[in-house]
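Take a look at these structures.
Two complexes are shown next, each including subunit A; its partner changes from subunit B in the first to subunit C in the second.
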Partner chain A sequence: MTAYIVRRLLLLPLVLFGITLIVFSMLQMLGPDKLLSAYVNENLLDKLSPEKLEALKEKYGLNDRLIVRYIKWLKNLFRGDLGWSLVGKEPVLKAMLHRIPYTLELALYALFPVVGVGIWLGVKASIHHNEPIDHFIRVFAVVGWSFPDFVFGLFVLMIFYSLLGWFPPGNMSIWAEEIFSSPSFKHITHLPSIDALLNGRLDLFVDCLRHLAGPILTLSWLWWAYILRITRSSMLEVLRKDYVRTARAKGLDEKVVINKHAKRNAMIPVTTVAGAMVIGLMSGTVIVEAIFNRTGMGRFTAQAAQQLDFASLLGAVLFYSTILVIGNLIIDVLYAIIDPRIRLT
Partner chain B sequence: MEKKKILEVRNLKTYFYTEDGVVKAVDGVSFEVYEGETLGIVGESGCGKSVTSLSILRLLDEKGRIEEGEILFKGKNLLDLSEDEMREIRGNEIAMIFQEPMTALNPVYTIGDQIMEAIILHQKVSEQKARKIAIEMLKKVGIPEPEKRIDEYPHELSGGMRQRAMIAMALSCNPSILIADEPTTALDVTIQAQILELMKELQREYGMSIIMITHDLGVIAEMADRVLVMYAGKVVEYADVRDLFKDPHHPYTWGLMNSIPRLDVEYERLNAIPGVVPDALHFPEGCRFRNRCEFATNKCAEEPPLVEVKANHFSACWHIDELRKTMKLAQEGETA
Partner chain C sequence: MDREYKRMLKKFFRNPSGLFGFALLVFFVLVALFAPFIAPPQPSNKHEPYMMPIVTWSSEPQPPSKEHPFGVCGRRDIFYGVVWGTRTAFRIGLTVTAISTLIGLFIGSISAYYGGWIDEILMRITDIFLAVPFLIAAIVLTTLLGTGLDKVMIAMITFGWMGTARLIRGNILQAKEEQYVLAAKAIGVSMPGIIVKHLLPNTIFPVVIQASMRMGSLVITAAILSFLGLGAPQGYSDWGAILNYSRDWILGAQGEALKYWYTIVFPGTAMVLFVLAWNLVGDTLRDIFDPRLRI
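Moving on, here comes the complex of A and B:
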């Protein structure tokens, strides 16, 4: 298994090379005129003479061949220079490092409620198949699944912020931001809530959680439906299997039958879905970030795409591809741990 | 010597409540099992033989319900026990093995883990002790290198080895009754013979009773002391195994025996009972076999009682005399 993991990780640079080459080529297809707007204000562009425009294109190397430009980008990448981010108004790498912690933090905290509770609900529904609790959970799932996130997010804001004042939007309060950026505050993990704990600032930690609660609630509500439905159907299938009957025929307690014999077998399809979800969470959630005014990778990428901010887009692509490759590797390893029939070679 | 009754099933009725209606899968079945003997239950698919065995252990799925009857095990009615008390019986006093050893073992746990589970549960021993017992059991059922095999997963064993592991698991707590639901159906013929031989051997050693459920009269002839023939949820004939084969008293039993090809006769076509088992939702009134029976008359619209036709031989048919005449003619025709 170790050899398998190492091999997959060694493939990562190759994957990154391929993906960035594709995205880079696609972006270059826009042509030098469009590309120039990434460097010069559009209003200004209209006023410039053709000679001036040509000079600018030459200056930014827009007339060079694609491969030359890509190699130049790669060279800079190895020096740790991903270019200037129009969206972030700072170097791309720095802009991303400012946003990734907020995305990862949300993913980390949303993981348990979304996946854990989703599976729990699904198992509950399956063992009470066709009983009132099962119907209730299923209705809940359909309602949750049919809600658009921008509607539900606004409801959460309305109730828990406007009405109750519990869960404010944003990354953290202004006073918290001041402590967070003060020189005495040590950034160890770069995840604000964890660093708050490590610095012994419980008030800051609570403030971070209050700002996380709204997005987590929204994401949970929307994704529970999906995960509990997969879990429920997978469990129902497994509960009909002969080995579950064998386990019962041994005289095992129903709890052991469910938790030991049925659940583990039911987890394979759930792992696939939950894994994809976690990868989605890690790549940022554009709408939830926008509604709750969080500065995460989702919004950053969306803005970069809107403004034709190529440097930021390519940086985001690097980040997503890495998450995707490592995430899928973790899912594959989990499969092999859950089911001994799956061998990684 | 009068043998001791260990299990007595009286007038068992197990119904399934489906969306299309009530399926009377087992409808008034009675039989008894004596200590150390093998009772065969034989019948076509859907005759209720598996449901009968699952009813004994109360392992029916959510749609199935035992409507009536008594299941007396060592004098206690199993239907009166609480779920907790029932768990004490399952795997400990009455164990069960199933048809498909591939699917009856949990693919994600080692066979050792699955055998030890029952031992730890019922014998309240430590894990090391349970492991020792499990290895001992694997050795007994003829699995080579049990110390190594105990840590293997079901998919690493062959079909025959898996069924041996299932038997080891079932017998690990030394049960009084082993219910074997088509234990050899999924195995090829040479392995079948080995498994049956093994079961006989272990029965001699442990002195347990076996309820052998099968559709295969060959297995019945090989294994059973007494036989219960079921058709469409009812008992049609119940007799000593020799007597049943020599002197069947029900057209269905006779039909089953005729459908076994014989080596000394040349056939144009193999004999078969015409028609199929009726849909469980719409069993015919009266004798349920009458729509396939060559002796059926209007009389058969009335349900025939299960009566003792001779010592320890029961049959439920209105036309036993007709059947015996025809059987005699057939026999004479053969010898002539």
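Moving on, here comes the complex of A and C:
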């Protein structure tokens, strides 16, 4: 087990190195002058003398040979110098650090309803195989999976905000924003809703949740369909197994058979799609944050693309790829813990 | 082989959801083919039929009427955009799927056939491309290339071949040891000959299924990029671009929250049905091929 984890950990820097290669090659599609705008505040750029500009190009190694340029770029990257963000009007790293908590909060909150409800629906359908409820859930699985999340998000906004007024867009209400930025408010985890609880402000916490509800619903919808169909087919397969029949023959309560014997074994295929789900949730934040006006990494990415802010875009790629690679690693390790057979290969 | 395909076709058309998906697909093909008759271009956009004609000068959307059955949004006729958008969706989906699948086939089969360090290098490159989330990669590459529908397609192809490459590599590695391949080798058939004539035909079916299942999500990704303003320009017959415009009207008017419902419902429904059609067809094919995952 340890050997497996160590091997995976050793591969991690290699993949991260590969990602920097991809990002750097994409960056090379721009000329030196355009590249400079990715490093320096553009207001400053216009005022600089040509000699100063050359000096800056030199500093960021824009006139060098490709390999030298790459090494200089990597060095800056390691120092945390990702360049100047047009969108954030501050250095890219700082801008990202301000936004990451909002995205993490959203993804973490979405994870529980996605997995919980998805599995619950899948189990429900498999127990009532070929009954009306099963047909209903199956139709939901197919239609839900075909519903693009940005279209669904627009509907959520229209119905739950505009019509009913329940789930407003944005991070939080204006009054909450004022409390949140006041000096007496302690930022402990930097996740707004958790900090609200830690500061004993239940009203603030509720306000954060209200603003999170729409995005979470939009993110979950698609993945409910996905998780439920995997759970359902895997449950159906397990329920046909001999040991389930034995458990039933022993006279065990049906609840125990389902929960202890069937469900546990049926969960193994579900963990294999967790990787796809993490990618999906993270990419989903781009759309959801753009639609619901949340100031997280997703909207940052979308804005950076719209404003041709290359430095921020590349920062975003690095962020999302790192999350993806680490997420996949955690899932693989979890998978090895759940299913001992995998460790040997 | 022939008999096998016939049996599969029979199974396909006996499956109600497969049949429904196929019917939907036929419907969309017909709409795309007969777009010039269903929504004839106006004199104002005769030379660029993919631009939705401007029908009014008021920027406020107008509800469905006799002349404009889906309403008017962004001064343009939504019905026209939805009909011609079908062509755009097919163009994006088919182009990206076809080219990225071919690239994947090429890389996967080279990797599997040669093995050794060629395989190692190609597969590590594949891993690295897989390490960037598809949507993020598409957004960034499209922006770097300079936005537009063609750039969107290039970006999606660049980051869309890895799944096929892995799939075909695995299949060929399995088939490589089969008798017929060894026999072909023994009688001196060249390497490309073996791949093209023997290995690919026997391992291609899962790739076709995978491609048909990807069509839906590719069209969604392209629409997201247009929705974010990186793909099709405003006024272009593209479902994502229409939705990008309707976004400004989503909150309705004072006291009438759902006043502009038609700006989302019609292009949105077209997208959902299009994706649904491909997913149903892909699912049914997969079920026939691999009954374990049947839903």
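FYI, the second predicted complex is superposed on the first by the 288 of 345 C-alpha atoms of A that agree within 3 Å, B and C clash if a C-alpha of one lies under 4 Å from a C-alpha of the other, contacts with A are read in each partner's own complex, and residues count from 1 in each chain.
One rule holds for everything that comes next: a residue touches a chain if its C-beta (ideal position, glycine included) is under 8 Å from a C-beta of that chain, and two chains touch if they have at least 3 such contacts.
A quick note: this is a predicted structure, and the numbers were derived from the prediction, not measured.
Undergrad: Once the structures are superposed on A, label A:Y335 by its partner contacts, choosing first (subunit B), second (subunit C), both or neither.
TA: neither
Undergrad: Just subunit B (first), just subunit C (second), both, or neither: which does A:R232 touch?
TA: So A:R232 only meets subunit C here.
Undergrad: Is A:Y320 in contact with subunit B, with subunit C, with both, or with neither (first, second, both, neither)?
TA: Only subunit C is touched by A:Y320; subunit B is not.
Undergrad: Touch check for A:K250: first (subunit B), second (subunit C), both, or neither?
TA: A:K250: touches subunit B, not subunit C.
Undergrad: After superposition on the shared chain, which partner residues are touched by A:F155: those of subunit B (first), subunit C (second), both, or neither?
TA: So A:F155 only meets subunit C here.
Undergrad: Report the partner of subunit A that touches more of its residues: subunit B or subunit C.
TA: Of subunit B and subunit C, C contacts more residues of subunit A.
Undergrad: Tell me the contact category for A:N265 with respect to subunit B and subunit C: first, second, both or neither.
TA: first
Undergrad: Where on subunit A is subunit C touching in the complex?
TA: My answer: residues 14-15, 18-19, 21-22, 26-27, 29-30, 138, 141-143, 145-148, 150-151, 154-155, 157-158, 161-163, 229, 232-233, 237, 279, 282-283, 286-287, 290-291, 301-302, 304-306, 308, 310, 313-314, 316-317, 320-321, 324-325.
Undergrad: What residues of subunit B sit close enough to touch subunit A in their complex?
TA: Residues of subunit B touching subunit A: 57, 59, 61-62, 87-92, 95-96, 98, 100, 103-109, 114, 117-118, 121-122, 153, 155, 166, 169.
Undergrad: Going by the contact rule at the top, pick out the subunit A residues touching subunit B in the complex.
TA: So the residues of subunit A touching subunit B come out as 129-130, 240-243, 245-253, 260-261, 264-265, 338-341.
Undergrad: Per the contact definition, I'd like the list of subunit C residues that touch subunit A in the complex.
TA: Against subunit A, the touching part of subunit C is residues 17, 124-125, 127-129, 131-137, 139-145, 216, 220, 223-224, 227-230, 243, 246-247, 250-252, 257-258, 261, 264, 268, 271-272, 275-276, 279-280, 283, 292-295.
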